[in-house]
Amino acid sequence: MGRDDETVEPTATLRHMTPRTPDELSRIAYLGPRGTFCQMALIAWAGDRSLEQAPQASVPAVLGALRAGEADAAMVPIENSVEGGVSATLDALASGDPLVIIGEVLVPITFVLCARGGMPLSSVRAVGTHSHAWAQVRGWMAEHLPEAAYVPTLSTAGAAEGLGGDAVYDAAVCAPVAAANVGLTVLAHDIGDMKTAVTRFALVTRPGILPEPTGADKTTVVLYQKTDRAGGLLDLLEQFAVRGVNLTRLESRPTGEAMGSYCFSIDFEGHLRDARVGETLMGLKRVCADVRYLGSYPRADGVVTDAREGTRDLDFADANAWLEGLRA
Amino acid sequence: MGRDDETVEPTATLRHMTPRTPDELSRIAYLGPRGTFCQMALIAWAGDRSLEQAPQASVPAVLGALRAGEADAAMVPIENSVEGGVSATLDALASGDPLVIIGEVLVPITFVLCARGGMPLSSVRAVGTHSHAWAQVRGWMAEHLPEAAYVPTLSTAGAAEGLGGDAVYDAAVCAPVAAANVGLTVLAHDIGDMKTAVTRFALVTRPGILPEPTGADKTTVVLYQKTDRAGGLLDLLEQFAVRGVNLTRLESRPTGEAMGSYCFSIDFEGHLRDARVGETLMGLKRVCADVRYLGSYPRADGVVTDAREGTRDLDFADANAWLEGLRA
Amino acid sequence: MGRDDETVEPTATLRHMTPRTPDELSRIAYLGPRGTFCQMALIAWAGDRSLEQAPQASVPAVLGALRAGEADAAMVPIENSVEGGVSATLDALASGDPLVIIGEVLVPITFVLCARGGMPLSSVRAVGTHSHAWAQVRGWMAEHLPEAAYVPTLSTAGAAEGLGGDAVYDAAVCAPVAAANVGLTVLAHDIGDMKTAVTRFALVTRPGILPEPTGADKTTVVLYQKTDRAGGLLDLLEQFAVRGVNLTRLESRPTGEAMGSYCFSIDFEGHLRDARVGETLMGLKRVCADVRYLGSYPRADGVVTDAREGTRDLDFADANAWLEGLRA
Amino acid sequence: MGRDDETVEPTATLRHMTPRTPDELSRIAYLGPRGTFCQMALIAWAGDRSLEQAPQASVPAVLGALRAGEADAAMVPIENSVEGGVSATLDALASGDPLVIIGEVLVPITFVLCARGGMPLSSVRAVGTHSHAWAQVRGWMAEHLPEAAYVPTLSTAGAAEGLGGDAVYDAAVCAPVAAANVGLTVLAHDIGDMKTAVTRFALVTRPGILPEPTGADKTTVVLYQKTDRAGGLLDLLEQFAVRGVNLTRLESRPTGEAMGSYCFSIDFEGHLRDARVGETLMGLKRVCADVRYLGSYPRADGVVTDAREGTRDLDFADANAWLEGLRA
């Protein structure tokens, strides 16, 4: 891993370069500060690569830096096994200049309760953390600190950092590494209510990079319905079903236009270059008001897509050759 | 109209010529003898064209003559508004060397009861006609000739001809023209129970002719299901529905392999060259054990296909361009 | 087996009696004459029961005798593994006074070619048989008697009987028993093109008998679509699919009203008293112009319905109890 | 409106009383403090009723008070036209002791930026508000206060109250009434990016109250899929579609068990007592691992359900009578 900058200073070179492969990425924005689960995802993805890390204060700021060319990729949380889709990320990807996901990372979520040295658990009166984290430790808190007030913060790592300053709370819920970064004392380990909690992070770039198909890929899209069609979602799902494409995530998100006006944020198995995916996307494009393509990328879990008979590339090629023969 | 031969003598020329357009057809086999509704269909289709007509004794014989090269087209009944699909035709098209439908003709069905001169209605003891015709005059017969026996014949025109020979019946049900051809007396006019009865005839050729799309076209296929899939028909119908293709006829026909083993004979709106039809056919090809294409042709009723938004050729072209842009 | 009457003389008693169980049936009409496959079905169904058999000249005559009270049940062919649904039966059940199927019998179909004593195969010039039988021996005929003319008859047994009289053909295709009944010589055995051919016969009564559920049952209905709904068949099939009811036969039949106006003759797994069947029938009743119920009866093949989880009677009872709890 | 208590002191009477109609409700918990949009919803719902209002610090606290019997109803935000479903509410309703929604209120969302007297807009360095509100004024902030830091608070009204104390921010985004309650100066009016923003609030009680059907009703459920079924959501949606029930909201929510394990939070048109709703619920109960019923209630917008032909109560009654006739 390379430098770990707290400030974002875009280099002129990066602004104008268009990376064509994941290996050409060099400056990655992420949801900071240091010590967030998001930074863990970035470190896991980087492996031996030398990368410049650029922490940002919010998801919109992370994607804003990417869109502005101040970073050539961005790591953002996209789905949480306890809290669900991360609205801020889904919405920021669904509007504004196009961006595409080129990779994903799964990070197990482990929370600690920490405080400045000398503070016993019994003295904790107020706890600071991000609202998503608070939701995941609610059971532990109800049992061990039923009287403690909750103070929302912008991130879990930010909650830890605040304890070093003038925080209005006296303990923080954060990742172990965040507590260590600030030199805090851990009052309780592994306090998440759901021991198997995991957050999925997406590595996002400007359009121009399309990872090669691996056979274990996912694709992400946002679908906007035509308002004049009843039973719309059923119609959209049949576009997938009839071509044997399986969904792995579906979130409805309001379009903001009116109560009850929704778009659908969807992950599905397969790669943009797979024949069944291409035909599905074209089918969706025809029946939707709009389809926003958000990238095809290798699955973090490596599960190979089990395309059913009749939906593999070879089946599409055979059917196409047959049709061409009839039309000749 | 040209000559009206009762015998089929293939000319060497026709055997080896491959007509490429409907206008190059010159010798047409049909379900005879003269005076059948099938001949009326052929005459209607021919219009001013000079055609050699070759009557045959049965639908298999008609299609056999075509497959053997003894005719370069064949007119056969395919669907009856009272009796339904004509099994003999559907089955003969579904197996054997490939044939394609290039046109269709609708013929209103009007029956007369006729006999040799001097026979009064009250003396009729037995009536000869084709079983399909008998089914369509059953109500009239129950009212006017309740005691008359039914004698099946190979065709309605054949029933009329038989009265000129040694028939075991003394009246015939046939088309008016058939009675006139043999010089019979009409005992009763328009005796069909259903006054709006119509039969659809198909003009069939060997592969090689594909009529131009007109916007008011139909396509005929036979679909063979994979035996290992439950809910098969629903899956097949969804292949049509998801691409906005409407069916106009669906007949299940036994494959002959086992009780309950069916294939589906289907007519649908649209032409082989329509984008939505092409994608539907490829989809069917992938999920079916086999798809037998039986031709695209102008509708006899001239009803223009009302393709719904998102399923027109332009929609397919737009979606394809969009996909190619994403993949570039 | 009881008497084998060739004439139908209704007894006053039978006219007024309403059998309530299959065992109370005593006079059964069937498609005669003696020696038809239909009589074999009746004999197989009767077993040790003492029954009066009343042969009729046609399917409409068989069902007419039943509707008139001249018989208290009728055996009719309903489906053929080679030729498909028997149109005359399907149509006669779909209209007129209501009738219900209470049982089915599968009869293997074996054909012989027979003639009067002394006639060698090489001398056969014309062959008489029912058109369905002719369709099933066409391959054998093309090979062994390519020059023989075909003469249609009202039944296979009738073709055999005709050879004893003034027939215009000199050989008949029929069941072995029919040849034996008339004392004919068999020229060739087992001449059917499809060695596994089977015909399904239905035992039909006037409404009032509902066989007990056995777990291996089928139900037959005719569905009439509302004309103002597009994609109608798909909607109908979803009524079955969503309740886990599997179809075993689907035939489209013209309603006779106009070309392209069809109803659907359907067999499906399950019994009128099964909860999933009841809900399916009610769903169909609501979306169809009309639903004609044609009976629930034990399957001839005894295959037990494998109702999927969530569609069994217990599942329906549980769901109903849950709903009642919510509404209380 | 009655008293406006800031503290929650359950009365013994309320703990043991079970209101049977909305009019018997007397103590309502809501997401406080005073001045929240949630309180506006409660005031709008109350109308002339005399009600005790019990503000709580969080949605779980509101529903906790209701479950503990410390209030006999609760007003909570459930859906926002900009931010979507309110996760905390959806999740708190989906687990724990059963609760049911008996009414809904739509509140237009209007934000002001306010500060203590004498603070000019140009001096604002940090802005406090709830994260949902911040998301809805992001555009205004980017234009007018691009350098201002964001400080999350537990509610918008809480942000305003904080300005009267030791807040680490110097301006707040909140409802106009919240600014007025604290005596703050409004620096900018109507700063929401989406001028038509609306939040939907639900009035929730313990089971026992079922509002009468009005013809303009909605029902809310949570559906848990069986994990062993592919294409699960499509199957669930068909349970609605086949009975003509329209969805008005669909949210997938993680079950917390594993990444990709989702339940579905759904609103649909119709009332528990509607026949089509009852059959749909039973169908869902049979195919789902679990169905959590969350209430039927009049729609806030009063839009009458346009049940399509064949899905009205009368249609169900007719179909049921027909079935009973067949089974008799």
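Labels A, B, C and D are assigned to the chains in the order they are written; within every chain, residues are numbered from 1.
Everything below uses one rule, namely that contacts are C-beta pairs under 8 Å (C-beta built on N, C-alpha and C of every residue); 3 or more make two chains touch, one makes a residue touch a chain.
All figures in this text were calculated on a predicted structure; none of them were measured in a lab.
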{"item": "Between the pairs A-B and B-C, the one where more C-beta pairs touch", "value": "B-C"}
{"item": "Inter-centroid spacing, chain B versus chain A (mean Cα positions, whole Å)", "value": "59"}
{"item": "Between chain C and chain B, distance of the C-alpha-averaged centres to the nearest whole Å", "value": "26"}
{"item": "Multi-chain contact residues (two or more partners), chain B", "value": "238, 241"}
{"item": "Which pairs of chains touch, using the document's own definition", "value": "A-B, A-D, B-C, C-D"}
{"item": "Chain A partner contacts - residues on chain B that touch it in the complex", "value": "210, 238-239, 241-243, 272-273, 278-279, 281-283, 285-287, 291, 293, 310-311, 315-316, 318-320, 322-323, 326-327"}
{"item": "Partner chain B, residues of chain C touching it in the complex", "value": "57-58, 60, 79-85, 87-88, 91, 106, 131, 135, 138, 150, 152-154, 166, 168, 194, 196-198, 200, 230-231, 233-234, 237-238, 241, 246-254, 256-262"}
